[in-house]
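What follows is chain A paired twice: with chain B in the first complex and chain C in the second.
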Partner chain A sequence: MNVWLDAILILIVILGLFIVASTRLGTMIHIFGLQSLFLGCVPFFLYAKEMELYIIFVCLAAMVLRGLIMPYFLFWAIRHVSVRSEVSPLIGTGTTLLLSGFAIAGAFLLASKLIFPVKIGSDMVIPSSFSLIIMGFLLLVGRNKAISQVIGYLVLENGIFLFAILLLKKMPLLVEMGILLDLFIAALVMGIVVNHISVEFNNTDTTQLTTLKD
Partner chain B sequence: MTILLLLHLTILIFFPPLLLGFIGKTKAFFAGRIGPPLLQPYYDLYKLMRKASVYSVTTNWIFRAAPMVSLAAILSAGILMPIAAMKPPVQFWGDMILFVYLFALARFVIILAALDTGSSFEGMGASREATFGCLSEITMFLNLTILALLSRNLSLSEIFLGGLSSSWLLVGPVLILVVVSFFLILLVENSRIPVDDPETHLELTMIHEVMVLDHSGVDLAYILYGKAVKLFIFGTMLVSIIITFRTGDSLIDTAFFILEIIAFAVLIGIVESTMARLRLNKVSFLLFSAFIFSVFGFIVILVRGH
Partner chain C sequence: MLIFLVLFPLIVGGSVFILAEQKSRNRMLFFTAFLHTACVFSFWKFQPAFVLNGFLGLDALGLLVLSVVSVLFLMVSFYLMGYFKNESDVSHRIFIGFLLFFLSFMTLVTISRHFGLLLIGIEATTLSSVPLINFVKTRQSIEATWKFLMICLIGIALALLGTYFLAVAGFDNVQSLFIDKLLNHAKELSVPWLKISVIFLLIGCGTKMGLAPMHTWLPDAHSQAPSPISALLSGCLLNCAFLSILRVGQVCFAAGQTPFFSSMLILLGIISLGVAYVFILGQEDYKRMFAYSSVEHMGILAIGIGLGPIGIYGSLLHVINNAFTKGFAFLVTGNLYKQYKSKKVNDVRGVLREFPITGIFLLAAFLAVSAMPPFGTFISELLILYAALIGHHYLVAFFYCLFLALIFIGIADIILKMIQGQSVSSVIMSPRLKHSGVNCAKDLNVNKDPSPLGLRMKTRESLSMIMPILILIVIVLILGFYIPPFLDNDLHKAAGLLGG
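So, the complex of A and B:
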């Protein structure tokens, strides 16, 4: 079972790398949806021996919200503001990919140094979640378009969710709240930021926000 | 034992051009054509062997020596590589380093020969080949290091003859990473389609083909044959990583191996028929991805402490 969990975690990180490496928004959203679906599978493998109803519920909620509804909204958003791709990212895709590679190495090194109070089912959950968080950060700082920044934020959230899965036994309600918070944030970001930028400036390039205007 | 060694050498020497035949057939099938016969690469080599070579007056001995040296280096790498379940004729501790550098030597002499012609077109190809070569070499080494760590051995024959079968159960995901990364490297090293087009000789995105434009006759036959052998060796390696199951009987294993390597050729053909060639500046991107795949696998192996 452990091998399957490893396989899924490695796949999740690699899908993260794909998101970081691609410039087309459509591809990024598709891959993000796929990543979230796989992420929803993790608790099934992590808690295979002590399965309970609320775990299944949390998994399904995460899968449906992040894997289906969120990509749907994102696609709606890119249709709405009609952007197709990240033309000139602040940090080039090759550089971002290389930085992500270093980030993964750092995450694994860091996670091997940390000491945890409880025993964790797999020693790869934490480094994978760190990697996702850092990759999300890289997307947030390295891209110009608001929508790719939203995707970066969601990848970051995926990393946090992966970490939160470890707490699923202790405080399931908190994890559930976290999932719902993501949806709220996404709706907020998309509704306010994307629309307002596009209304004000006729495109969704966030670099325009730094220029003063009265 | 001697018979097995002879069988190993026979497959190594006579089989590789057939791979190109299978790739050609697959591509023809996807294009809806009948395509050249399976043995066409052999006919091509035979035709080239009978022709005389033409040498430019600006070239010197390097240009004449390069095809021979590169073919010799590639064949020497081939005798370090176990085929099917047969032990290679030559094996020693740490031969995987020699294995990688024999390919580097083959590439180096071809680059020298390309520069020797003084043609700017070939110089451009040489520069590209050197760039991609040095990027793919790191990844190749990293992949071999992972395999060596898993099987706790530095000899190719020990790695591929039984060292990996238990690893698939323990760290299967890492081996999948290695396989993906190695397949990308294989496409780059053998100048297959997403990177380079082996069919044409006169296009500006050419990498490998452009370097051998001035070679003719026997020299060209050596280079084409060397390329086929290189593809065969890389394919053997990929197949040996993926399929570790062996029956124990040499003949049955060999028969299985032939089937596996033909499946590999068909896979290459499918990749070539379904993908378009990448833009040149995207190729380094492909190499980056291969590198990061293997770095990721390497880190996981280190953390797991195998």
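So, the complex of A and C:
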């Protein structure tokens, strides 16, 4: 069981690297959806022996929201604003990949310093979660297109969700669900604002948002 | 009762979308705000019980912030009746609906007794304020909205991670994120996880609160939002974020980690003061100047909390003073913008001569924001300085005084220029036109103004745009002379929760 869990976690991180490396928005969204689906599988392996109904519920909700609805919505957004790819990112894909590599190493280092109070199914959960968070950050700061930034934010949220899975047993259902829902609404609002940007500026390049400064 | 307080604005906000008539929507808004305030005032007399399995409850800290939010919201909703009077052709359906949602979520933040719920509340306030900031759909306001949304959402994501770390810190024995339970078992929390969680929560909530260096969204959002919204953002939203930091502080105090927490807050506070000073000096946009002054005051709040019992009392008093001061200061900028149709300092001259009431209000705003003696802000800032001196934090006291003095000079330079002198029309018409007519014409073109400055129509200062400001000024003035016993009592209780 443990081997499968590790394999999935490695896959999730590699998919994260894929997102960081690609410039085509469609590919990024596809891979993000796939990553979220795998992420939803993690609890099934982590809590294989002590499965409870609400855990299944939260996982399924996460898979549907992050894996299906959100990508669908993002596709709607890029059709609407008709951008296809990130032409000239602020930080090139090669540099971002290299930085992501360092980030993964750093995440393992950090996770070895912070000792989780109880034994968990795999040593890989916390480092993978930290890696995803940092990769999300890299996307947020390194890309110009508003949609890429939204994807970066979602990858960051995926990392946080991976960490939250460790706490699934101890946290009330309400909070988890609330956070899932919040995330969904956040993406929705961001999509609407992206639309506003594209209407007003004729494209969604956030480098044009520079009129306000001191 | 607490559930009602959250749900009522939410329901009315939803029903506003159906109402056809603009006037009835405005009345609905005012009525809801009034009922909300009445409810909150009743809580000063009868403490409401915990509801929803302890998820919602009101303590001294929550009551303080809730009252500030409620009163300021009432004033702003009063002000909006006049603000919208001349623009009845535009539909404000979405605006008023989301304004009420905003009130509901801010209420949720102040009364939640669970860290998860607190974060949901804060995130909901961010999302519900997006349509408010983006009310005038210009390029600049979209840019401001995008920055606000992205930066605050990332901040909240970090705070969420911090909350999870907090849950891990209490994994063995607390096993919940209820504030009361965490406080009772704070001594058993694992210290390394608690510390990392405090760092993340401070950065996350500090982003929302506008502490430098995470403040970058604040000046843009405050300057681009309609002025009543700037007042709400500055007076209510930032204080709600501050409340969440205070909740973290409560846990730190109970866990015996106050020195760690205090030192971080003092550091962030001093940085905020420095940043505010740098950007206030020579600021060309008067709303941006008040926005940076908000950064300054948030820094003062943070420093006060870090300085021990007297500082905490002063800081909590400053929450009230600052909220009302900033509230009326931004409402005054609303009046100015209505008259001059420009946010540039250079376009506004001789306010005192042309619009005496607004001019006096602007002067009052200047004096209150820079904490001059008759106003309440003076007392609270003095208390914080006193706390710094008594606690032998001489370096903190030095930087505090230095930056406050410099900021005073910066604001004085800007505002006094605006208040005094001849009116704009005569200034523009005489010297510059003579000098080079082409240049002036270009200026007017750049200044995308529906009516050129010279031909600007004088609109009368309407009563509903004056009364709320006057009431807020009087409140701040009274707080400068006299702190009512019930308030003093609550402040002491609230400071006690934080170890004061």
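Going forward, the second predicted complex is superposed on the first by the 194 of 214 C-alpha atoms of A that agree within 3 Å, B and C clash if a C-alpha of one lies under 4 Å from a C-alpha of the other, contacts with A are read in each partner's own complex, and residues count from 1 in each chain.
Throughout what follows, a residue touches a chain if its C-beta (ideal position, glycine included) is under 8 Å from a C-beta of that chain, and two chains touch if they have at least 3 such contacts.
Just so it is clear, the structure is predicted and the values come from calculations on it, not from any experiment.
A.B. asks: Who does A:116 touch here: chain B (first), chain C (second), both, or neither?
C.D. replies: A:116 sits against chain C, while chain B stays out of touch.
A.B. asks: In the superposed model, does chain B or chain C contact more residues of chain A?
C.D. replies: Counted on chain A, the partner with more touching residues turns out to be C.
A.B. asks: Touch test for A:186: chain B only (first), chain C only (second), both, or neither?
C.D. replies: second
A.B. asks: Between chain B (first) and chain C (second), which, if any, makes contact with A:140: first, second, both or neither?
C.D. replies: After superposition on chain A, A:140 lies in contact with chain C alone.
A.B. asks: Examine A:171 and indicate which partner it touches, taking first as chain B and second as chain C; both and neither are also allowed.
C.D. replies: Touch status of A:171: second partner only.
A.B. asks: After superposition on the shared chain, which partner residues are touched by A:157: those of chain B (first), chain C (second), both, or neither?
C.D. replies: After superposition on chain A, A:157 lies in contact with chain C alone.
A.B. asks: Using the touch definition from the top, say if A:127 reaches chain B (first), chain C (second), both or neither.
C.D. replies: The answer is first: A:127 touches chain B but not chain C.
A.B. asks: Once the shared chain is lined up, is A:149 touching chain B (first), chain C (second), both, or neither of them?
C.D. replies: second
A.B. asks: Taking the superposition as given, does A:6 touch the first partner, chain B, the second, chain C, both, or neither?
C.D. replies: Once the two structures are laid over each other on A, A:6 reaches chain B alone.
A.B. asks: Pick out the shared contact residues on chain A: the ones touching chain B in one complex and chain C in the other.
C.D. replies: Touching chain B and chain C on chain A: no residues.
A.B. asks: For chain A, which residues count as touching chain C in their complex?
C.D. replies: Contact set of chain A toward chain C: 114-118, 133, 140, 146, 149, 153, 156-157, 160, 163-164, 166-167, 170-172, 174-175, 178-179, 182, 185-186, 189-190, 193, 196-197, 200-201, 206, 209-212, 214.
A.B. asks: Write out the stretch or stretches of chain A touching chain B in their complex.
C.D. replies: 3, 6-7, 10-11, 13-14, 17, 21, 93-94, 97-98, 100-101, 104-105, 108, 111-112, 123-124, 127
A.B. asks: Flag every residue of chain B that touches chain A in the complex, lowest number first.
C.D. replies: 169-174, 176-177, 284-285, 288-289, 291-293, 295-296, 299-300, 302-304
A.B. asks: Can you list the chain C residues touching chain A in their complex?
C.D. replies: 55, 114, 116-117, 119-120, 123-124, 127, 130, 134, 137-140, 142-147, 149-150, 153-154, 157, 160-161, 164, 167-168, 171-172, 175-177, 190, 192-193, 196, 219-220, 223-224, 279, 283, 288
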